[in-house]
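The following blocks contain the structures, represented as structure tokens.
Both complexes shown next keep chain A, but they swap its partner, so chain B is in the first and chain C is in the second.
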Partner chain A sequence: MSEKILQCRGIVKEYRKQEVLHNIDLTLEQGKIYGLIGRNGAGKTTLLSILSAQNPATSGDVLLNGEKVWENSRALEEIFFSREISPNAVGDSSGLRVKDYLEMAEAYLPKWDKNMAEELVELFHLDKKKKTLKLSKGMLSMLSIVLALASKAEFTFMDEPVSGLDVVAREQFYRLLLEEFTESGRTFVISTHIIEEAADLFEEVIFLHEGRILLKENTQELLEHSIYVSGRAEEVDEAVKGKEIHHQEILGRSKSVMVRLKEGETLNQTQGITLQPMNLQKVFVSLCAGEEE
Partner chain B sequence: MKRGKRILKVVWENVWVGSGMVFLLCIAQFFRLSQWSLESVKEIAGSMFAGGLVIVSAATLMLMVYSRYSVYEPLKIFMGYTRKKSFEDMQFAKLLSALFIALISAAAVTFGRWPSVKTEDLTMVFWGFVLMMLVQGAMELLTILYLKTRKQWIVLAAIVVACAGIGGFVGYNVMAIIDAEDIIEIQMSFLFLQENPLLWLLVFIVVYHLMEYFSWKLLKNLEIRI
Partner chain C sequence: MQELLNQEKSIYLQIKEMIERDILRDILLEEERVPSTNELAKLYAINPATAAKGVNLLVDEGILYKKRGIGMFVAAGAKEAIRKKRREHFFEDYVKAMLAEAANLGISKEELIEMIAWNQGGKENE
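Let's look at the complex of A and B:
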């Protein structure tokens, strides 16, 4: 079977003439876990909802193996965005119970795994008779996780899946996700704010900042090539001259800077400066701060 | 569950709500009678059930359309169902619901008035069917407009009218059943339509299709929130 590719080309989204996504081009390959990382209001949920045809784009196309996804039943069988369930919001679905969601999923998600859903409901101690309005934020996240994992959709997107979950439940989720990924080879896109905890899961990360993709890169390579350089300003300047630098901080005569080295590239000199490896969160913060500067 | 079966499930839910309510009223009326006979059953069916069913169903169908579009259809789209299929399902459900209710009403009229069934009685049932289609179409447009704009007042007035209609009907008839000895007659009166029925029918068809056109225009790019 050929490998599936989900692409978006030139996606623009406007809300009342205000552009929230600016000409996004993105390719998602089958069999990877992507981390979608961005600040509040960066456009993560909007992007995922457009990729899954839950929301329309103002312009641009989303294609699955070259076929448009919008209003395309066949393509939509392969994509599921388990967005945050918020029964207090405008959705009017506050009267629905957990079992209503599961029944709807069984009826409308073509690859729905009922047994898996039952097992997850039990694991998370979800009360199927309970109205979603009465569920805590963590419980709603669990329901959202059940829908996502049991959907068995080839491209599964999750929006802040661990928000509201306690540390034990979060660990359970990461374990389940990895198990499912290993078994099925499905593609997952996980949007999260809890970067460090999930960083090991992501094969690739996508940084979204103010409606633009700042970066899409293999996580390991990104971390290997990102260095935090600090020391006396002149020495730091000399070391990073001609390199891709982000987010400089100057304190008196000291300077610190994040450097992204290209493949095979090294610093000009390493004497008199301190080099520190960076974690994903720091890379993200530095890149965002660099952009804002 | 297959698509057709799911539509029929919605139709069943739509039909039983209104018919169940009126049926209970008729049962209450029957037990209030001093003499129980086939004639009184026929009279209740022809005079009370047939008209009451159409009037109550017009209101309940409005609420059902609101409930489908505000709760279930967004969830279906969330789960990968296309907006087009969702809209088509709703059209079938609306048509079949109104049709089944009209058929039940027509059967009740025929049974109640047998053997002297008048054409006017069945014509009234037909106009009842038209009324049900129109109110469903109007509610569909209002609900989708509400989903698009998130302004609750758009549907609030219609919901209040529908609830008041059901409440008023049930309340009035319960009181009437308690007070009266005779069987209450509920007449559907569409006298103004008798002057020029074809013209009215044409007007209704155009209005209905306009409402459907705008409903689809709004729905086809609707953003989903759950």
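Let's look at the complex of A and C:
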């Protein structure tokens, strides 16, 4: 099987004259887990819904191996976006049950793995007869996870899969995801606000900020290149001169700054400054803060 | 192989060092298979590519070797090689930091030597 590539080019999305996605170019390669990180309202859900052709772009194209995916059922067999399930959404006022969702998935998803779905429903103790209106936030997330994993779609997108889950269920999900990933090599894009817990799952991270892609990079390389420098202000300034810096903060004589090194660049440790590694959450906050200044 | 990961350094370096420690402690023996990158990934809930990066560093150093179709194995002489490497890095990794902190605090070389000698003496008396 040749490597599949899902690509979007020049995606713009307007809602009522307001542009929420600005000219997005993105390439997703088969066999990776991507983390999609962004603040509330950054456009994560909109982007995922456009990539999966659940929502039309105002302009721009989404291509699977060069073929447009819009109204292309062959391409769409490979892509599934498991949305957050909100029972108040239009069309669900009649009170669908868990089993109705599973039956719909079976009907619509060509690669649906019924056995896997049954196992996961049992593992999560989901009551199939229960109306989704009566499910807790965590239970709804579990149902959404079942749909995503059992869809077996080559490109599977999950929007906040762990929201509302307790810590034990979250860790259970991360392991399930890795199990499925190591066995199948499917491609996952996962958005989350609980960045630190999931950071090590992601081969690459995509930072989306105010409708633009701020960065898409290998997670480990991004972390290695991100350094928190602090110490006496003049010495910090001297150390970071000529480097890409973000999120400076000054307190009296001391100063801290995030440095993002380019390939091959290094920072010199001097007596008066402290260099520290950063975690993904801190890197994200520093980069966003820089954009908002 | 079961240590907790922390945020102080790259995950793949931690995986690498953990395998080294397990070899030093005879938890992993020479000519024995080490867990696969998928096993490591599932155990630590990390991306398999990250686990592979750590394992591959050890392959490059000749500590592990690959048996095609079977997996990764601890090389003969790996334990001694790790000890040798760590001895070579001991000054850089431990002594330098100690000397820098000693200088910050105004602790003299004589005082340092005395501390080391005292610690060793203490152990003998136990």
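Everything below uses one rule, namely that the second predicted complex is superposed on the first by the 286 of 293 C-alpha atoms of A that agree within 3 Å, B and C clash if a C-alpha of one lies under 4 Å from a C-alpha of the other, contacts with A are read in each partner's own complex, and residues count from 1 in each chain.
The definition used in the following text is that a contact is a pair of C-beta atoms (placed from the backbone, for glycine too) under 8 Å apart; a residue touches a chain by one contact, two chains touch by 3 or more.
Owing to the predicted nature of the structure, the values given are computational and were not obtained by experimental measurement.
Visitor: Return the chain, chain B or chain C, that is in touch with more residues of chain A.
Guide: Touching more of chain A: B.
Visitor: Which holds for A:T219: it touches chain B only (first), chain C only (second), both, or neither?
Guide: A:T219 sits against chain C, while chain B stays out of touch.
Visitor: Looking at the overlay, what does A:I250 touch: chain B (first), chain C (second), both, or neither?
Guide: After superposition on chain A, A:I250 lies in contact with neither partner.
Visitor: Given the touch rule stated above, what does A:A107 touch, chain B (first), chain C (second), both, or neither?
Guide: Only chain B is touched by A:A107; chain C is not.
Visitor: Touching A:L133 in the superposition: chain B (first), chain C (second), both, neither?
Guide: In the superposition, A:L133 touches no partner, neither chain B nor chain C.
Visitor: Considering only touches as defined above, state whether A:D200 meets chain B (first), chain C (second), both or neither.
Guide: second
Visitor: Looking at the overlay, what does A:L123 touch: chain B (first), chain C (second), both, or neither?
Guide: A:L123 contacts neither chain B nor chain C.
Visitor: In the overlaid three-chain picture, which partner chain does A:L96 touch, first (chain B) or second (chain C), both, or neither?
Guide: first
Visitor: Examine A:E179 and indicate which partner it touches, taking first as chain B and second as chain C; both and neither are also allowed.
Guide: A:E179 sits against chain C, while chain B stays out of touch.
Visitor: Show which residues of chain A lie in contact with chain B when the two form their complex.
Guide: Touch list, chain A to chain B: 49, 52-56, 71-73, 76-77, 79-81, 83, 85-86, 89-93, 95-96, 101, 104-105, 107-110, 153.
Visitor: Which stretch or stretches of chain C touch chain A in the complex?
Guide: Interface residues on the chain C side: 5, 7-12, 38, 41-42, 44-50, 53, 100.
Visitor: Give every residue of chain B touching chain A within the complex, in rising order.
Guide: These residues of chain B touch chain A: 1, 6, 70-72, 74-85, 150, 220-221, 223-226.
Visitor: Show me the residue ranges of chain A that touch chain C in the complex, using the header's touch definition.
Guide: 32-33, 171, 174-175, 178-179, 181-182, 196, 200-203, 219-220, 223-224, 271, 277, 279
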